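Note that subunit A is present in both complexes that follow, paired respectively with subunit B and with subunit C.
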Partner chain A sequence: MQQQQQPAAKELHSNQLAMQVVRRLSKRLQKRQQAESGATAADLIQMVRREAVACAGRDPVDAVSQNACRRVLKILREEAVHSLGASAQLLSSLQNNLFSERPIDYSQVKADSLRDAVSAAIKELSLELETSLDDLRSHGAAHIGENEVVLTLGYSHSVARVLQTAAATRKFQVIVCDSGPNFSGSRMLQLLKTVPQIDASLITDAHAFAVMSRVHRCLLSAQTVFADGGLRAECGTHGLLLAAKRHSVPVLVCTPAHKLAPAYHSVERANVYLNPACLLEENLSFAEVHCPKYDLVPPGLVTLFVTNLGGLAPAHLHRCLAEQYHQDDYSIDAGEADGDAGVLDDE
Partner chain B sequence: SMSKPADEKDLVQAVVLADSFNSRFAPVARSLPRALFPLAGVPLIDYALNCLADAGVHECIVYCRSHYKSLASHLASSPQSKRFATPPVVRNARQPLGDAIRDLDQSRLIKNDFILAPADLVTNANLAELLAEHKRRRVKDANCLLTLVMRSTTGGFNASALMQAQERSFIAVSNADTGCLRMLSPAGMDKLGRIRLERAALLSCGRSRLWTGLIDLGLAVCSVHVPPRFTDEFDYRSLDDLVRGVLEHEEILGHTVSLHVLGGQEYACRVSNMNLYALVTRHLLDNWVYPMTPASMSGSRAATEHQVRQRNVYVSRLASVHRSARLEKSVLIGPGAQVGSGCHLVNCVIGSNCRVGDRTRLSDCYLWPGAVVSSDCNISRSLLCHNSTVLDDSQLTDRCVLTHGVRVGPSVVLTNCRLIVRSGRSEDSASTDEEVKQQLGKDSNAAVYKSAYSDRRDEAGDSDADSGPENDEDSVELEIWQTTLMADNVEYLSSESDSSSEAGNEVPPAEVGEDHFKRELLDVLQRAEQDKHPVDTMVVEINSIKHAFCVHIDRLKAILAYTILLYPLLKCEKDDESEDCQVEITPAEHFSQ
Partner chain C sequence: ELKMLPTDSKQRSGKEKQQKEKQSLPASSAQEGKSAAQLRAERRELQERQRAAKLQKQQEQKQAGGGKGGSKTSNPSNKAEAGSKKSAEQKQSAPIPTSADKKAQSSKLAPPGDTHQQQQAANKKKSPPPQQQQQPADSSVKSLPSFFRHLKPPMDAEQITSSVYNEQFAQSQIEAAFVQLSLMVAHEQLQGPAARCLGLARALRQLLCTVPVQDLPRLIKPKLDPNMRLLRSAKPPTVLESYLEQRLANWVQSAGSSAENSDHWLVDRMNEFVIEQIEKARVTMRASLKSKINNLDCIMLYKPSSLIFECLEDIVSEGTKMPDVRIILLDSPPSWEGQAFLRRLQGHRLLSKCPVRYAMLSAAPSLLSDTSKLVLEGQALTANGNVLAPVGTAYLANVAWSHRIPCLVLCHACQTWDQVLIDSVSYNELGRVSSDSQLCNIQYDLTPGDLVTALITERGVLPCTGSPVPSH
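Up next, the complex of A and B:
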């Protein structure tokens, strides 16, 4: 199946994935607007919601595509409200609940009137996504001081770039945990060894607790950040964060804002289970062997989220969420899936 | 799906054998071919097709003997067949593998080296890599006829469950550098725990490597010379014959066979008996055949189909599971299934549209689509086929099999390898036989399965050690959940030629055709004596009737020896009485005198 062939394909960074989704959506929106003259904003919104459901269907673990769809939805809704002639007062937001008027009827708005505004906004969104990693780098590098010991886990593109940027102006030490069973930490080590100002060393995951008392900062990345501050991150992160909490070491999670999902953390969230044979070659009939790819870290263990929009305390995640996505799009139901929504027009 | 390559040299083909020509799944397989058995909700052949499609196979040719129509219709609609450049084609083969490959040769479908796989193979091995390796080997050594692929089960834990469930395992000696196979034999230890190795094989090999505990997968990468070889050698019936022919009798063409052993992280197993069915399902649910997980295999909308919970619990989004039902681990619940309150499920597969009643405990059991289990039941280690029903308060433990449409009555206790089939009476009427009622419940329409062999076996007594090869086949068939390794009783590389077909042919062919053959043989001897034929002519005639009657070479040797000894005796009798007498030949009778 196509899903199994994905590991062989080139790894996409999260912002590239998000940009792909946005590009695809904008093409579909344009096509729809050209094809149907009577299309209303409600139709466009419905179309994008179906695409979001299809994204979730293709890969339940991938939250970035869905978030990109949500951003586009936010753009559509905002532009629809503006074109109705009403001011921002109509929008019911956290600050505005008292004064907001009746719920917006999107089927009143013609799609044609939105075209220019929406395409401009989508261009801005693409630009933001493209530069998200660069912004992240500069924000993250500010948190590392001279001669500090930084602990990280496995290989992450964002963390690697943050460390490289910080190393341009100061010297510090990095301890990398190799995360089994694929040992991506070694890849991180190879990369950091090429940077002159960084003194990099590799330890096993189990050794993290022992060195934690010497560490100044933990710098990690996550695959998804949940709305309550929980994480879906590489396997081994939960243990590392518990150790950090025990030693009161500040934990920084470097993620671009498009990884922030409106869902709450739960251990029943989607997870990928790899081949147990990579842990244990012989399948013993009496042993249960699980090899999850991600850890679902409960909230309360992260000190600061470093995003491309700046540092974000866990208590203020909801504000960032509200700015990025519309409240009606927080939960997108699987029941809206349609027959044709699963078709990818262009890849 | 991919498109056919422009250059014929790049065309990758595969041949899938959908009939195993033995009857391990006897009464169940009568209405549904083994290739379509649902394994974790997906027909068995889809796993093989999936693996082949991942390997980049463009064209797939499927051979089957019985149930041609159902197989063809499945292949037309299966999502796996859409991944090939041309949809898989089903062809008919009357006899085991030999005929299939001869048909391949005649129809000239094979253009390149091809992959030969059985339909009941579940594997995540990288077949593309195997094919590439085979091609590289052929470049270096053009005589390599085929690469046999086997799976090793050693490496620290010799008594692994897979090994135990196999009917036989192999020992091989191959060259450590090139993988060229020198010796392959079923691993039977004699009473002192020794195994027999061919001295000639070891000496002729360069740097040799001994493999033990190999499992036969029926998987091979064959070169383009294999079909003509089968056409030349009339009596090759299985891959075993070909390998043995090359290893022992190779003189003229200098062909060789290579061995590739899978191990480590690659999973491969043939679902060739009921124990293996249970084991492979378990392994599938426990994610050992990654990337073929139950979630990814089940249909085109795969990722949304199943909700994956902890401890390998896969629940279809279209199933309704009661909140108080406890799905402990390794459970797969198909679409449309209903699980009642208070249930406890461990290691189960609930097929689509099944119903499980309240307060039922299911462990290690496999419910095929449409099966119904009522309340308060306790079922363990059993198989319930399509549309079978278990009524309230029943207990089925320890390897019971209910075949299609069977209904087993309320408050019944069934244990120990019971095979329950639909009784011959009219559709849904409850049985009136008191004994059956007591055994199977008052509302049941079923009967306990007894194959034709079981009658003979009962008469002959229950001895295992002294019975000849035929009776061993019978006992293997009867014990549908056979557990012991029959290493001692198995004939040397015996093919399954003498066992009855899955189309429900009860009478073994040995008894029907052989009388005629013996008469023909006697005629040959008679003519030879009358016309004073030289020995060579006799040999040619005997060979021709051997092929005409399709008699196996071992059988021929036995019958010929017997007939030659019998002939003068008959001649004496005939001289006394001048009329033609019907000769009744029964070896048992004669030798017991």
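Up next, the complex of A and C:
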């Protein structure tokens, strides 16, 4: 009764989702370039921005699709600047942005000239997304030592990979927290029990404070990482992180870099509320049931973000953001949606 | 057989080495200058060393098996040796106990971590209950975190009845009331800090009725001991229960001559205790709690017992003075006490005045912006000012502290404990879970005193550092 019935939909990992979006965008870009001979870079950028808005409209909680759009936008903008020549490149450098009066005019750049460079860059991006989880696990495994007790919450693909990689060379204990209303902990436990060097056990998250004095590391994952270091993560993460802070236990959040969103946790309040029937039976429904799927965790509780690009301190998230996305794409407003915004092309 | 394996593999690897040496012999002997005879001698030495090691291991096992049993004559010890060797091999694969094995198992070195079972086995020399030893020691089914392995797993009804048989075999009588109480305690049917104490008082009353008044001081201890042993084997005693026991012993000691005492003086004393320390205390605590709750408050509750329910009823019956109090009820598996509370509320007039919100414990941080205060119940107050409470309380108190929400803990004054605890691991109880569940369920956790804003006792509202010492 208490287990939530997951619909049997195809479960995509975040990098697969991002790759889908990138593939879709690259096809549309190619189409556009072939169809319109007079298309400029500005048109392409506008098209991708509209797609990002559409993604947000479909699922407000999903930041990965939007981030994938932002990566493609960065590629477009970079290649456009590159083709405009050296003077434009100088203009777009960080220092000059403060003093420049003329923004870069993307409508000067013809789409045809970008075609090869952009498709090569998009291929690289797809490769990076595909291998992101593999890169991540080697960075994460380094932080787990022999005979240490690691605490984790629920089921996460990234964390499972990291633990398996670490278990290849050393023996340690894992305590899995099972938190409602998702109850994905037993799935993680089943997976970890098949790993020979891991001694896995399952507790509810009510026990998190009780065991925390014996825990060496907290290894978690997040659905989204915000630019200020806040997280949107599985429900129960916030309480666990507070307990870890109290006991000074280092908290490692394993997320691939495409989950890093240029938004602030105090502004982004989107959350998913689950069906109360997963918790309560019918005749007790006089009570108002509060059943969020995610926790919005404020910044200041995470020690290290383990990404496929390496370990990242919370104070350096902005640098990773600046490398991944263009500053102009940080905020994509819903007001830009028009025309072919909601159209989902063939995959 | 598993224990034989390491030596077997050693032998095998030794033989392989020797075979390799043999193969390389013709090539290298000339160069190394060793004769074939020398090499053969080396091989023989290696084999004999391995044989000696194997023999030593077996002897160690025998010694351990013989030593644990205490005083034994040569014949049983031989049996034990034979049994221990067999059981060493069979134990790894869920043994079916034969009579020899049973005896040997009672004295066999248990696998590390089962120290409590060892002690129990040593205690019950006469007839070790076979079911207890058969608890699967293999961790493939469910494993506890290593730091909880010193905790005793919860007892079953069969185990309790077998302990009853053991005691009766040793010719001591067990009251039916105590058996019933032990069963209820073992199956966790008594919730709330005072419930077990009241149950104990009831069982004691029945016991005392069977003892004639004149013989009371003399007979009470031998009568009481086996019953208390049974009860304690079901679960370790709560603070209130130990307090009641202590008081009982004191009353009996200070009884004086039996002539001036009425017929049921001990039962009267006990009833007085129950009324004073538990029932009147509850009334006082309810009043204190009510005084702390203001209009428009939103109270967060976790594992509330009847005490809080009665307090809420008081508040609601107040009428116009407190029109708007809301409740947030938190819950956690596997005991789901929040849902039990909801069932109690169903159809109750409380609901018309007091809207209830229900959530899982993990959703607590998101609800704290709405909350005015958190009300919890404590099991015991340790001597160093920490609160032992049902598991999840510390988690919640920590979350509330980070959000600056006051945390009130309800606690009887006589729930003060002389034990000193700094974390939830050294003292705890394993709770009961359904057989198909993989959960490791602990009963208590320790809330550090600085996370608790105020302790509401019947003697006043105190900080955790100001724990009262019960007078004797």
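Convention: the second predicted complex is superposed on the first by the 316 of 347 C-alpha atoms of A that agree within 3 Å, B and C clash if a C-alpha of one lies under 4 Å from a C-alpha of the other, contacts with A are read in each partner's own complex, and residues count from 1 in each chain.
Simple rule for what comes next: a residue touches a chain if its C-beta (ideal position, glycine included) is under 8 Å from a C-beta of that chain, and two chains touch if they have at least 3 such contacts.
Here the structure is a predicted model, which is why all the values come from computation and not from measurement.
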Residue contacts with subunit A in the superposition, subunit B compared against subunit C: C
Partner chain in contact with A:Ala208 - subunit B first, subunit C second, else both or neither: second
Touched partner set for A:Pro250, first subunit B, second subunit C, both or neither: neither
Which of subunit B and subunit C A:Pro299 touches, first, second, both or neither: neither
Partner chain(s) touched by A:Leu274 [first = subunit B, second = subunit C, both, neither]: first
Partner chain(s) touched by A:Gly310 [first = subunit B, second = subunit C, both, neither]: neither
Which of subunit B and subunit C A:Asp59 touches, first, second, both or neither: first
First (subunit B), second (subunit C), both or neither touched by A:Val289: both
Common ground on subunit A, meaning residues reached by subunit C in one complex and by subunit B in the other: 283-284, 288-291
Touching residues on subunit A, where the partner in the complex is subunit C: 2, 149, 173, 175, 178-181, 186, 189, 199-211, 213-214, 235-236, 238-239, 242-243, 245-246, 279-280, 283-284, 286-292, 295-296
Of all residues in subunit A, those that touch subunit B in their complex: 1, 3-5, 56-60, 267-268, 270-271, 273-278, 281-285, 288-291, 334, 337, 342
Complex contact set, residues of subunit C against subunit A: 139, 142-147, 329, 331-334, 336, 339, 342-343, 345-346, 351, 355-367, 391-392, 394-396, 398-399, 402, 423-425, 428, 438-442, 444-446
Contact set on subunit B toward subunit A in their complex: 50, 54, 124, 155-157, 160-162, 263-267, 283, 286-288, 290-291, 293, 296, 301-304, 308-312, 317, 329
